[in-house]
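Got a structure here, written out as structure tokens. Questions coming.
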């Protein structure tokens, strides 16, 4: 009998989770595993929501946003008795390895699970915040960026038609990655993030000079974590003298059919995850760094701090001053 | 020398304004007029921002959102001296007729202008609120609805992935048209609008029954004018017991490349407007009613109250109870 | 026990079929019927592919293109013995009425079935050709038009960048509706259809004059039924002297998430179909004419010839000469 | 007086050209150059189509597909007398450096120009074929891939609805990159490219087994360069027994608003190009390799052969057998 391997998604949903699940299941089968899927993330591990990954189930999911396996945040998994229950659910089906698609919180939880019961896992990084240490890319980021782009391009139509300023708040509690990249990609004039110090005085001087020179609208992108959306909107109206409006993009950013980049990364991460498990790795996270796919022990990931690309920071400095 | 005719956009921007301007200019030229364009709406009439509508200027605008002529709200136009200034700008160029693409506020302003100086105009209705009396359709509505659809379809990915409720606020201060149609088109479970009385008790009973029967997420669409977004979100969390989030779609709804319907309606309205002016109409608004294009005197439009399609109201009653 | 009612899709697939199936099933249930779905169209009727329309099955289909019930063309249904087999499949489940979403070929087949066994049906018109007599609109048309629009807008980028002509062939064997509307909506310079006589000499003169006046690219849209794609492409290159390329849009036009218009029309047609069956109509087709929803006996539909909107023909005459 | 620097696009158009031009102009100005733009590529260099890159001209182009500067293929540039004419056009404006956004053919032409007249240039790779040696990425590729994805996702709706096979031909004369990546990203069952040997017998066996196991549709992606579109379509119909249709995606792939990735890469390539010129490089091409931006002498690029990513080849081997 072939050995069981279970796949599930955990934490905040991100585009690319579905392709990752599909590819992991298919590649696992090709490598001789019997693939299982678990609904509802860690909660489903405890509550025994397992299903065999047959062709029917995973066909037609590649192009769908979110995660059809659903996700959750589970407090019970912090307690040993529930983890034990999850372990028994695995054991009775002969499932010996896990692939989890999610964020670093989920990886830590599984690391504890490995310490308890010795079930190896491979983590596939997926979060639109792109803030997992050790990897340049997390699933969902490219799709989120393109959803933002479409929204900002649309708002620009009105900004330009009406000679107005628009402040657009994008997701990112502790990380300004989405804000910075979309500010560059959409040609915003201002970008405020948690990482970069900003100077409203110099921004104000710059904008006034440009408006004098003919600029008739302004786009400003702020990261959620700065909590500057409201303030900046009023400030532009009052100090710059251009009527401003705030748009909080919200959960529109999370959804949408995964882009090619997210599908392809999902494919490659999934292959890497199965290969890592086969090679005997027990608790590692897949990474993409400097153009290379690899993996890092979860401990290394947890002990490191995510650092933004210095070139990106440099390019955005102009937009914060 | 051919007689001059000026075209401009006024009021809130809406997709379809650019195609309407392009088609009006082209068709006017074919009917022997010399077409002019005015930047910045009524403000541009006063401030003399006229330009001849040559081929170069209006090529490549058909598929662009917003209005490349820009729009404005002008207080000065309420004063006779500024209207006189506008009239002189027309006179010195031999412009004898006007086509305005905008809302009923703009039409009223031009009606006063006609009373003052006898310059006939034809109004093309354009507002995403779809609340101009006498016409079933205003330019921009179909594009706005499809922008909303894409956002809601995207949010549904997350709602479904995470077993959550989402409350989505769409535009519409006094009119629930956008909310109702998008609620039906996106399969929302709840829809609150200014037009329909709603009953949270019965909505609550219905949702609880459905959740018991397996429903794992809820989409609710509310019109801006109800001011119920925040309240409904808390109410779903507290009374229904499903975690809920609010998304205010904001100005994303206004932009985007015009849909085929908005381009085609723009085309037909533009032809109707030039034809009406040629037929000697002096102050009428183009209409589309019961499948027919026509026109109504501006006074009739102003004296009537916009009424929503009764079938639409009936279909949405279920979603408000 | 509630009376059974079966819903299925038949003929070429069209966006809007899924919303029509969902709405018909939900509304039928609300009116006291027990709704069934049939896979694979007429073939499934014969081969007994019925399933009860429970909530789970029809949730999450509203925004999907094509038809999840699948469709088919069945030759066997022309033979009485197979129709009898289909009838027995209905009888054993207590299914007394049918709703079919498809084209006029399917409606005719069911009319024969009604003549044989007295099972009433209501037809919902769905075909991207928009060529069913008696109704101004068939499901799928708006989505197809917007898919074409996006493709043509994209091709325009290259045409403009490279000073080239592009001939774009759109679907439509006997009907130029898609070609005409998309030519107007996309600002094409040339449009060839089966309905309108065209004159290459006058087209050539017009294009040459415009190129002389600064035009640097040309878009031409031809209906599949004219078989003029290849010829026109060579002719533009040779006679006009502008390098031309042909793009056959093909099946890209059929798919895509249904637009708001197709979803809303689906909703209203579905309600009309159930209401018609309840009112005792036995073999009618739902229609939308001059802004009103109604129904016509299938015989009337079959005996009539589809006629294009005269205004549309008039507007397109310029593009064929 | 600040030194002149001219920017233009050349060769086949690709999304990302407009952002590259905008960013290069803005960054050049910030580094003390006076930026010029040239219309119509090499032809415009000869025919003196220069314009100063002022703010107005380059605002609002970031999100547009194709190249607003237009492109061309110029035979005259192969002749010294015309190159001399181009040089004089540069000289009279004090233009001392060139930035060209295009393919390797254009880079070679400028290398000859450098040999003749000593005008340094920096090349930014842009071609949807992604076949320039020395760089993992060329502008336009990500946008093209996502256009293909949308088309294939749409065709899948019909394939699935109708139990059919679809063969989709994508661009790529000598390079199967687009075909391979889109086959993986869209979950195609078959992929034929110039790079990978394929075996119809084994493909046939595989498909028949899957159809027996329940597969009801097939997607096959072929690169233009294989010329296998027609043959494969007939072969699937005849040998596999599933009705098949061919769709040639054509120029739809070239257009569309640039994705975030193409805009960001454009930004970074543009900065690298100006920096390279400032650092004294005279004839180099910007590259992105293993996650790092850099540059290579044009001679090195020309002497190398483009090689596909081995992992990609490995993943696609399954689809060719």
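As written, the chains take the letters A, B, C and D, and residue 1 is the first residue of each chain.
Just so we're on the same page, a residue touches a chain if its C-beta (ideal position, glycine included) is under 8 Å from a C-beta of that chain, and two chains touch if they have at least 3 such contacts.
Composition by chain, UniProt nomenclature: A, B, C, D = 6-phosphofructokinase.
These numbers were taken from a predicted model, which means no experiment stands behind them.
Put simply, chain B has to spin 180° for its C-alpha atoms to lie on chain C, with the angle rounded to a multiple of 5.
Counting the residue numbers that touch the partner chain, chain A and chain B have more than half of them in common. Rounded to whole angstrom units, the spacing between the C-alpha centres of chain B and chain C is 28. Chain centres here are Cα means. That of chain C falls 36 Å from that of chain D.
Separating the CA-averaged centres of chain A and chain C is a span of 39 Å. Among the residues of chain A, those touching two or more other chains are numbered 153, 156, 160. For chain A in complex with chain B, the residues that touch the partner chain are 9, 12-13, 15, 17, 40, 64-68, 70-72, 147, 151, 153-158, 160-163, 166, 216, 245-252, 254-256.
By the touch criterion given at the top, residues 22, 55-56, 60, 62-63, 136, 142, 145-146, 148-149, 153, 156, 160, 181-182, 184-187, 213-215, 257, 259-261, 263-264, 267-268, 271, 289-293, 311, 315 of chain B touch chain C in their complex.
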